[in-house]
Structures are given as C-alpha cells and as structure tokens.
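In what comes next, subunit A is part of two complexes: it sits with subunit B in the first one and with subunit C in the second one.
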Partner chain A sequence: MNYRMNATVAIGRHRLRESLIHPGYYISLTISLLVGYAFVAAFVRSIDSSGFNYHANPLYDFVGGVLSGAFGSTVLSRVFADGPFLFAMNVSFLPVLLYLAMTSVYRFGTEKSSGAIELLTYGPSDGTSYFLGSLAKDVLLSAAALLALFLFYCFAGIVDNIAVTPRLLEEVFLLFFSAIAIFAYGILVSSVTDSANSALALFLAGFVLLAVSLVGSYAIVGGYVRSLSAIAAWIVQWFSPFFYWSLGTRAAIAGEFGGFALGIIGLIVLVVAVLTASHFIIRSRGVRP
Partner chain B sequence: MRASEMRKRNSYRVRVAFAMIVLILGVGTVLYADVPLREEQFIYSIVSFNGRDYGGTFVRQDSGTFYLMAGTDNFVSARKTLVYYWPITANYRVDTQTLNHQFDGTLHIRGNGVDIRLRQEQYTYYNLRGTYELNWEVAKGQEAEKVFQDYQKMVTDYQNGLLEYQKELSDYQDSMNSLGAQIIRLSNQGKDVAKLVEQLKALKQPREPAQASSKYAMPPTRLQHAFIVNLKPGLYKVEFLNPDGSTMEGSEKQLIVFAEHAANRVGYDVIPGDKWTRPESSTMPGSVLYIDGSTDLYLRPFFETEYNDLYYEKLLSNDARGNPNATQWVKLQQVPAARIAVTGAGKTESVTEEDFRVQQLQGATLGYQIVPYVQSTTDPYAKPDLIAYRIPIASGETVVHIAGRVSNGDPLPGSRRQIRVIASPGPETLLIVLALLPLMIMAIALRARSRRYSK
Partner chain C sequence: MIRTIDLHKSYGSFAAVAGINLNIQSGEIYGFLGPNGAGKTSTIMMLLGVTRPTSGEIYLFDERYTPERLDLRRRIGVVPEKHPQGVWTWMTAIEYLRLFADLFRVDKPEKRISFLLEQVGLDGVRNKRMKEFSRGMMQKLSIIRALLPDPDLLFLDEPISGLDPLGIKQIRDLILSENRDGRTIFISSHLLSEMEKLCQRVAIIYRGHLMAEDRMGALLSRLTKDREVTIEIEAIPEGLAERLREELPFVLESRADGNILSLKIPKEGDFRRTISEYLIKHDQVPLRIQEKTLSLEDAFVTITRDNIDMLTQDPAAK
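Moving on to the complex of A and B:
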C-alpha cells in the first residue's frame, strides 16, 4: 500500500510540475476568467430601476431566451436569484474542466499505447498509482482554478456591489466534487479503451450523453411521461455526476443543506465506485494496449 | 357562322365553370379556416382548488393524466362533449353549448394504498369573508342544499329589504320635505316652529339593508353534481364505471395528486417609482434584488406557496406545459397589516403601508411622480392610485436589507431580501487585468523554464 502511495505522490508531483510549465492550463484558466468577466459585466449592464432585466443586454438576452425557452422562466429566475455568480461560475469552470479532463484522457491513452505505463509498472509503480497520480494532479489544478474563479467573483462583487452568498461557496464545493467524478470517468474510459483517440471519443460521447440527459430532465414538457426513454434516463441519472450536481445545486438554491450534503455524498460515492471499477479493470486487463 | 357561335358559347361556359370552381374553392377555404373541426369526446371536467381559489379545466381523450392538489376537495365529472382546437390561442376547447352530457356512474380510483368507488354528490363551494379571504368551504349533499337555500333566502331577504328601504326612504324624504315646507311657511308667518323642528330632528333616515353577499367573498356556486375527490399525495389510476359496472371507453387515466413544497412564505410585488404600472415580483426567499437606484421602490408583500411547476401548470390547464424538475412560487394573497423593517447604513426603521397618488409631470418631460395621497375634500369618491410600502433608496446607500413583520412585530417567514444598488459598472479594467493574470504567470513560468534550459 505504501509503495503505491509513494508512487502516486511521485507521479502526481511530476505531472503537476509538467502542467505548470505548460501554457495550456494558464490559457484555459484565462478563458474561464474572461468568460466570468463577460457575464459579470453584462449583468451590471442589465440592471434597471425594477431589477435584472435580461433583455437589456445581448448576452443575457440570448442566455435568458435559451434558459426560459428550454426550462421555463421559473428556472431562469432561480438561477439568477442571487445575481450572476452562480450561473457564471458553472459556465466559466467548463473550459478548465474540459481541458484537464481531455488532456488526461488523451495522455493516458497515448502513454498506454506507447508502452510508457507498462515501463512504469516494471518499477515501483502500477496502473492504479499511475491513474491516481494523474487524478491528484487534476484535482489540485481544478481546486486552484475554482479558488481563482471564486476570488475573482469575490473581487467583482466588491467592485460592482454584487452579493457573494453562501450559495456560491456551496456551488464551488459541488463543482469541485463533480470535477473529480468527471476525471474518474476519464480514467475509467482510458482503462477500457486501447488508444488515445478512442478513449477521448468515448469520454466526450459519455460527457455529452450525460449532459443531454440532465438537460432533458429539466426541459419543459407537456405531460407526465413514463416512456421507455424516460425510464432509461432515470436509470442513467444515478451514474451521472451531473445528476448529483443538479441535486446539490437545487438544494443550495432552495437553502436546504440536507439536499446539498446529499449531492456531495452522492458524488463521493460515485468517485469511489468509478475508481474502484477502474482499479479492477486495469488489474485484469493490464496496461498494455 | 354556327360553328363560331358554338365556340363562343363553349368558351362562355368554360369561363363560367372556371369562375364557379374558383368561387367554391375560395368559399371552401374560408369556411375551413373559420370553423375548427369539432370531435365528440369523453372528457373529465375538473373543478379544482389551486391554492388561491377554484378553477376549471378538462381532460380530453388524448390526455393520459390529470392533476389535483392533495388534501382539498376537487370536483370531477364525466361528460360527453365536443372538443376542438382553437389555433388563435393554441389550445383545446369544449363546445358545451352544442353537446354537454353528464354521465351517471361510478368513479373508480386505485393506487397508493387506496381502492375507492365514488358516487356523484351534490355540492357547492364558497369563500367566506375574513382577514385572509382564503376561507374556502365546500358543502356536500343535504348541507350543500341548505347552504344554497340559505344564500338564496339571504338574497330574497335582501331584495325585500331593499324594496322596503326604498319605500321607507321615500316616506322619509316626503316627511322631510313636508315638515321643511311647513317650518318655512310658519316661520315666515312669525309663528312658533319649535315643535316641528323637534319632529324634524326626530325623523330617522332608514338604514340600507346589508348586502346579501357581505358574508361571502364569493357566494355559493349553483348546486351541481360531481365526484368529490380528496386524496393524499401520490399516483393513482382512475376509470369511470357505467351503471352496469363496465368501464367507459377512454376513461382510464392517471391521476397525480401533489402537495406543496413550501408554504406561507412571503414574496413582494416590486414597483419602481418610474414604472408603477409594470410591477416585478421577488418570489425567492432570501434572494437579492438589484436595482439601479434611480428611483424609490414601492413594495407589496404577499403570501406565497411553492409547487412543482409542471403539476401546478397542469392543474390550471390540462393542456399546459411545465418543468417537472422545477418548482414555482404561487402568489396567494396580500399580507394584511404588515410592516417592513428596512435596515441600511446601520439603522433600522419600520415602514408601514401608505396610500399614494400618481402625479403626471408638468411640461415637456414625459413621466410622473408618486406622491403621498391626501384625501380630497372636493371629491369624496377619490381613491389612492397605489397602496404600498415605500422603501426610500437614498443616494449613496448601496445595500438595504428588508424583512417583513406582522402587526405584533413577529417576523414573517421567508420575507428577508437584500436590495443592492448598482448605479454604474465598477472599474472594469481591474477585472480584465485580474482575468489576464494567469497569462502573466504563464509568461513568468515559461521565462523561468527557458532560463533554466539555457543555463
């Protein structure tokens, strides 16, 4: 156990150093912050004497139109009940999240097919410590990105007199654990595929499928549907990080701490389950392509 | 000569036929567009409680589910009527004037630990006047008849009382006129009129009888028959059984009975001073209201309850659409005799409800201002334009906290809000610099890396 831990720390540290001397992470974080800035600046311009008028700014006119068209005005008013930060935090974290997850998946696949991981396993390491090291790097970098975004919004709140509420902090925690679950899924698809391209394609397909399933569950419907697809979507949701994220976010917006905690616990359980599955797959399949 | 005449006649016939075809097609098109296709259908007619009052909808043949609120009496009847789609309002309607046959039978409800067969009952519903004006009562069977008869008696008594009052009023006015005329005549003759004046003073003006409906905010509806459904939350199966016990074709539906997520919270109508005709709502408890601070705010607190968005929309109209995973706050009624505690700049003041008048601005400037209402001495029928709580947004005040209180000072649940003033965007260059900070760190990291390699 100890040797695996040492190997994980060593691999994680090495991967972290690599990421920090590479421009990719900085660029994705800058894009995230600029997206956040765009939403804050547009929000400030959408305020009139009666409150937040999303028609007053083209960006929010588009966002508001999409949200109220797809999910109804109730969802729109809830998302912006405290201001722009909740929505902006979720959207602006996406570039960093996708960058970290996709590069890790691709690299896992590349190193697997080139035999680099196999080489490591002849030393004081194994497949599990390799993916745990990679996960540790992603966790640390996503935590740093979330912290940077949170501080940025706090500063924007002071500058523009926008409220930073506990709901934003709760959202940061939810996003953090959701990100870990997504990274864990990245590891799982890398374990079951043989090439970098197929791993990336499978990861993106899964990501889109789970996201669409979540969007579908929030879409305005005309009736109480109990079709086969609805039942399938109901089953899929228990394996989806987006489901637990939405559970926690809904509870956070409603001020229900129990629901929020349930969302976090669900995400932790999901991470443990997916990583355990990845461990056994790697152990049985090995790290050769 | 004959052949050319024939040709002319034929050409004339062709033109007439063509004109007739165009005319028929044209008329046909117009008729087709104006008269929607009516289809004879079995429907459930629903009169349901929606948290505020009773409203009606119907469940057409294609709709598989209907929705009711838990723990309330709702009235369901099985009918045959004509259903049509009305494209102008994009919804289905019923033509009950042409066909409206109510079936006699049994409503069978099962599921969620329940298996009941309901018979139709006579009912009426009404709303009693009270502080909250949400005192809905339902009377069934014999009681319904009694309530309705009592109400009708009340109406008859009122009408009789009104006739009597008008007669007494006429007598009173005649006596007044006659005594007045006598007093003037006798006083002109220099005679003593003290007795007559006493008589005049002793005359009492008859009192108008109380309105028949003064007891009711909404009087009892006419007596009707329906299945009275009052269930706990859950999913049920419903079917209509004919008197012979067979199931009516097309009557099998799902019934979703739902309860509120949260009740008795407080929302606000937000009326900015410059847009008093377009109030906004703040329904989310604890939310933040952002304004530009250009004008004072006028608030009206109301009680609200939270329901599932899809279920509630479907309750109001079975053809409606909604979000099954979202909730909506439903405004019930204004909070009576409340106070709003306004905290800003370290001090708290209590704001009470006031009357206001909207005054058109003089001169070329279009607009108006809201000023305190003063009862007119010349116009006794004048009323205030706005009754609300004024929240002064003083210049320089950036954050104001508000909380509702009932008249004895107890807090109103879910009534806290923050009002934040965003007069203009802050120094945005600072934010842009902050957003570009990772690129600067990247430049430093890459520079350090290249230095290390060059060494």
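Moving on to the complex of A and C:
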C-alpha cells in the first residue's frame, strides 16, 4: 500500500469511528426510517377500490399536488406505478444524505481553520488523502443507510403485501452514486473556501441551485420563468448529480436498462471529474488555514 | 540533512522568503530565529512540504524534496506551536497516538506508544480525554506524536512557549536526550535564552533574508565589538576609574558604581592579569572579575536592527 492510500485508510477509519460514536448519524437514520414508514403507511391508506388514489390521504394529496404541478401527471403516475417504495426511498434517504454531506463540509472547514488538516498532512499524507479518507467514510455510511432503508422497505412490502420490484434496487444504486457525487461536490466546495460557514453556505447554495435546475427542466409553468429555468437547467444539468439521477430513474421506471446504466456512468464520470478538480485545487491552494 | 538553494517564496508582489540558503548537518540542534513576519514560517512550511517554493531547491536527506515525496515526509516529525483547538477533544491520548501511528505506519505501535508515554511521564493519563489535558500535557503529547515514527528530523515550533518552569525543563531535557540519540532537531522559537541553551547553530532570518548563520559562540563573537568587565572591590577610592582609563591604554571606558568598577575593553586579548596587577599595586584587592558576555538576545537585536551590513559580508573575506 502506498503512503497516500495508507493515509486515506487511516483517516477514513478515524472519521468512521468518530461518526459512529456520535449520535448524529443514528438520529438522521432514524428520521429517514420514520419518513419512510410515514410514506408507506400513508400509501396503504390511500388505496381504494380504484387502486392508489393520492387524494385519499393528506400526505399524498400534498405530495401528489406538488409532483403533478412540477413534473406533470404522467411522471406522478409512473412514480407510484410500483407502489410507494421508489418515491419513499428517494425522500427518506435525504435526511441521511444531507446530514453526512453537511457535517463533512462543516468538519472540513473547522479542521482546516483549526490547523488539524495541516497537522495530519505534516507526515506521509496530503490534503487529497485527507479528503479521500472522509469521502470513504461518507460512502460507507451512506451505503449502510441505503441498505437499512432497502431492508426496511422489503420488510414493509411483506407486511403490507405490496410488491418490491427490481426498480427499487436500481434506485438504491442510483442514489448511492448520486450521494457520492454530492459528497465529491462537498470536497470541491471545501477546497475552494477558507471557513466552515462559507463552505457550508456555498454547498447548500449549490445543492439548491442544482435541485431547482432539475425542477426547471420539467416545470410546466409558462412564459418567462419557463424559458429562463429551461436555459439554466440545460447549462447546469451536465454538472448536476440530479440530472444523471433523473436520467437513471426515468430509465428504470420505463424498464430501459441502457438509460439506467448511462445514468450510473454519468454519475461515475462526474465523481471522477469533481474529485480530480478538487485534487488540483487542494494541491495548488494547500491546506493551511 | 537539510539543504536549500536560493529558496524563494512570494505571495503576489510580497517576497516572504528571498533567496535563503540553508545547510543543516545531521545530528545538530539548529535554531531558526526571526521576528514576526520575517519569513520563518514560510520557510518552515516549504521544508515541511505544506507549501511549494516559488523558486529554488530543497534537499532533504540528500534527496531532492518536493511535497509529493511522501517517503521523505515520513522521516520528519513536527511539533507545531499550538495544537489544533476544538477538534479531536473526544479522543483519549492513546486513541490520538494510534491515529498517527496508523498514518506513519509505525511498527509495533502499542509498544512504541507505551515507551514514549512513559518517557515523558504521561503513561498515567493514556486513557484520559484530550479535552482534559493542560497546555504542558498537550505539548508533551504533541512531542510524542512527532517522535512516534522515530523520525530522522524533528521540527519544533516554539516547543516551550506557555510552559511552566518544570515543563520547560522536561521538554528541554527531552530535546537534548533526543539529540544525543542522533536526531537532528530544527527549532524555531522566540525564547532566545532557551535557544541559547539548546542550539549548537543558529540562523537569523529578517525580511526574508538569512542575516546570519553560525555556531552560537562564533556568532556572538562576530557581533561583539567591545567587551565589558566588571570588578568588585571592597571600596573604590575616588578617581580610580579615571586613572585606570588614563594609565591602561586598553581601557576604552571606565566607571565606578558602588563597589563595582566597570571597564570597557577591546574584543581581543585577555587583560585580567594586567588589571589585577594594577589594582594590587594601588592597594586594592579585586574580589571578583567578571566579563559580561553578549547574549543571543542582544545578538538578535543587534542583527535585526544595527548590524545588517556587517553580517551580510562574508566573514572569511574579513
């Protein structure tokens, strides 16, 4: 094992341990599971003689209204064609994803300004190994959370007699790679900022911008707003994990494996590109506070 | 051990380091002095591989050094001035040291950690959380961390600042003991009296330039123009100070203060016997003759304020 790989493993192990002895991860995972439970339970209550009727439950009435308003009724019917799990998986993963990404970005900032990263990199390690170690921790914890959610939905499917289709597993893979891309953006943001607050603010702004641009690409609002959001979405989409996630999800719903694979490949390419850019920025700017 | 050739570091138009040539031998304790903003930290950061030189070359262990040479960085131990505050406070001393043992791939880490903890008297607090550590304990822990991989070269930045007298002595003894074991030590500090006790050679950096680099004694000797000798006499008769200046040609200045006679004499030569004979001849018994020597602190002030031109000249050319 070379020095950088060794440092990545050592720092990753340390960060993983740090995360596991603090309650934050468990709290966010519990919230994720509760959100998932709420969507599954509400779905069961929304089934009437004609099948799934999202007006039958206040939660789905709200969600259905938002989804059909933003993406159209076709998307809405496709999302729930296989039951609640596809949608629930995406929404319930958000608390863990945001917790991991935001705490990492904030942690990078505090460790940078306190001189901790510099101390770690005095020896046979560098800024890149520090960030890769943290990324490894986030990847492992998000994989564990996705596995926990997947098992929970499988269990819920058995209990509520709702079929769990392979699309849910495909969605898990898409979410996994999308999460890695978001963590990679967290590293990029941390490498160009000098404080924890500015890093977090920039990360959240970027996250919202990318999410809004995705909605913009679907939005069926009219006139000026539509033109503006469509142009912005077209420019930003190539750099957005949400675009590739959306590409893969739509392909998974339609049963097109090629499109699903393209979404995964797009996410992997994005991760490599963002991490490479981060590496050169860290190399040039250093890790000094 | 460390060699730099025409090392430069610029931040925009500001030259923090302007052509520094260092040559540090294996096994020595080397002091690196300079006022704030002199370029000390910039130089050290380049030597540690944290920043890149704008131009110039660095050789460590006789090999060309760049920040990518992680194999060479593995052989360096670093004790920063301040340990990062507010992070890793949840860790115990042993957990903290294990992290760095992993990073440096320390062979038999538990044995090495126990040995070092025992050596500085911290073995009793190995399972104590770092947030409960005092400044002195933290400094010792930091030194242990730096010594974990048994480095060939140890960088210490203000190693005793903020410590109590006992802590200072313990750290000083540890540094000297490590040096006796053959470790090369590079110390940067503002506490010049302590540097004088520890360092065999010192360099003084000022405004990005290396103003002086020499063995401690040689450096002080180069800076000394005249010497001051103080002589204690039971009672100084009136007019003795003036007579001494008139009758002894090497006495440049003289004055009496209570029962102490102070004479300024040239840098070269031993005049104690002549002075003693003169005093005895005039019925005075010198109880004590003491020469006031230039301290590193005096030298530092002299170099950075008054003698820049003198020190930039090649001593060999004089």
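The rule is simple: the second predicted complex is superposed on the first by the 276 of 289 C-alpha atoms of A that agree within 3 Å, B and C clash if a C-alpha of one lies under 4 Å from a C-alpha of the other, contacts with A are read in each partner's own complex, and residues count from 1 in each chain.
Criterion: a contact is a pair of C-beta atoms (placed from the backbone, for glycine too) under 8 Å apart; a residue touches a chain by one contact, two chains touch by 3 or more.
Predicted model only: the values in this text are computed from it and were never measured.
Engineer: Once subunit A from each complex is brought into register, does subunit C clash with subunit B or fit beside it?
Structural biologist: Because the two structures are overlaid on the shared chain, the partners are seen to fit without clashing.
Engineer: Tell me the contact category for A:L120 with respect to subunit B and subunit C: first, second, both or neither.
Structural biologist: second
Engineer: For A:G83, using the defined touch cut-off, is the partner it touches subunit B, subunit C, both, or neither? Pick first, second, both or neither.
Structural biologist: In the superposed model, A:G83 contacts subunit B only, not subunit C.
Engineer: Give one of first, second, both or neither to describe whether A:R288 is in contact with subunit B, with subunit C, with both, or with none.
Structural biologist: Touch partner of A:R288: subunit C, not subunit B.
Engineer: Go through the superposed model and pick first if A:A156 touches only subunit B, second if only subunit C, both, or neither.
Structural biologist: first
Engineer: Using the touch definition from the top, say if A:R13 reaches subunit B (first), subunit C (second), both or neither.
Structural biologist: So A:R13 only meets subunit C here.
Engineer: According to the stated criteria, A:I47 is in contact with first (subunit B), second (subunit C), both, or neither; which is it?
Structural biologist: Only subunit B is touched by A:I47; subunit C is not.
Engineer: Give one of first, second, both or neither to describe whether A:D61 is in contact with subunit B, with subunit C, with both, or with none.
Structural biologist: In the superposed model, A:D61 contacts neither subunit B nor subunit C.
Engineer: Would you check which partner chain A:I21 touches, where first means subunit B only, second means subunit C only, and both and neither mean what they say?
Structural biologist: After superposing on A, A:I21 lies in contact with both subunit B and subunit C.
Engineer: Residues of subunit A touched by subunit B versus by subunit C: which partner has the larger set?
Structural biologist: B
Engineer: With both structures superposed on the shared chain, find the angle between the C-alpha centres of subunit B and subunit C as seen from the C-alpha centre of subunit A, to the nearest 10 degrees.
Structural biologist: Between subunit B and subunit C, as viewed from subunit A: 160 degrees.
Engineer: Once both structures are overlaid on their shared chain, how near does any Cα of subunit B get to a Cα of subunit C? Whole angstrom is fine.
Structural biologist: For subunit B and subunit C in the superposition, the minimum C-alpha gap reads 7 Å.
Engineer: Can you give me the overlap between the subunit B contact set and the subunit C contact set on subunit A?
Structural biologist: Correct list for subunit A: 21.
Engineer: Can you name the residues of subunit C that touch subunit A in the complex?
Structural biologist: Residues of subunit C touching subunit A: 45, 48, 50-51, 67, 70-71, 73-74, 76, 78, 80, 82-88, 90, 99-100, 102-105, 149.
Engineer: State the interface residues of subunit A toward subunit C in the complex, per the touch definition above.
Structural biologist: 2-4, 6-7, 9-11, 13-14, 18, 21-22, 110-111, 114-116, 118-126, 286-288
Engineer: Can you name the residues of subunit B that touch subunit A in the complex?
Structural biologist: Listed in rising order, the residues of subunit B that touch subunit A are 63-65, 254, 256, 270-275, 278-280, 282-292, 294-295, 309-310, 314, 319-328, 398-399, 418, 420-422, 425-428, 430-432, 434-439, 441-442, 445-446, 449.
Engineer: State the interface residues of subunit A toward subunit B in the complex, per the touch definition above.
Structural biologist: 20-21, 23, 25-27, 29-30, 33-34, 36-37, 40-41, 44-45, 47-52, 71-72, 74-75, 77-78, 81-83, 148, 152, 155-156, 159-163, 165, 217-224, 246, 250, 253, 255
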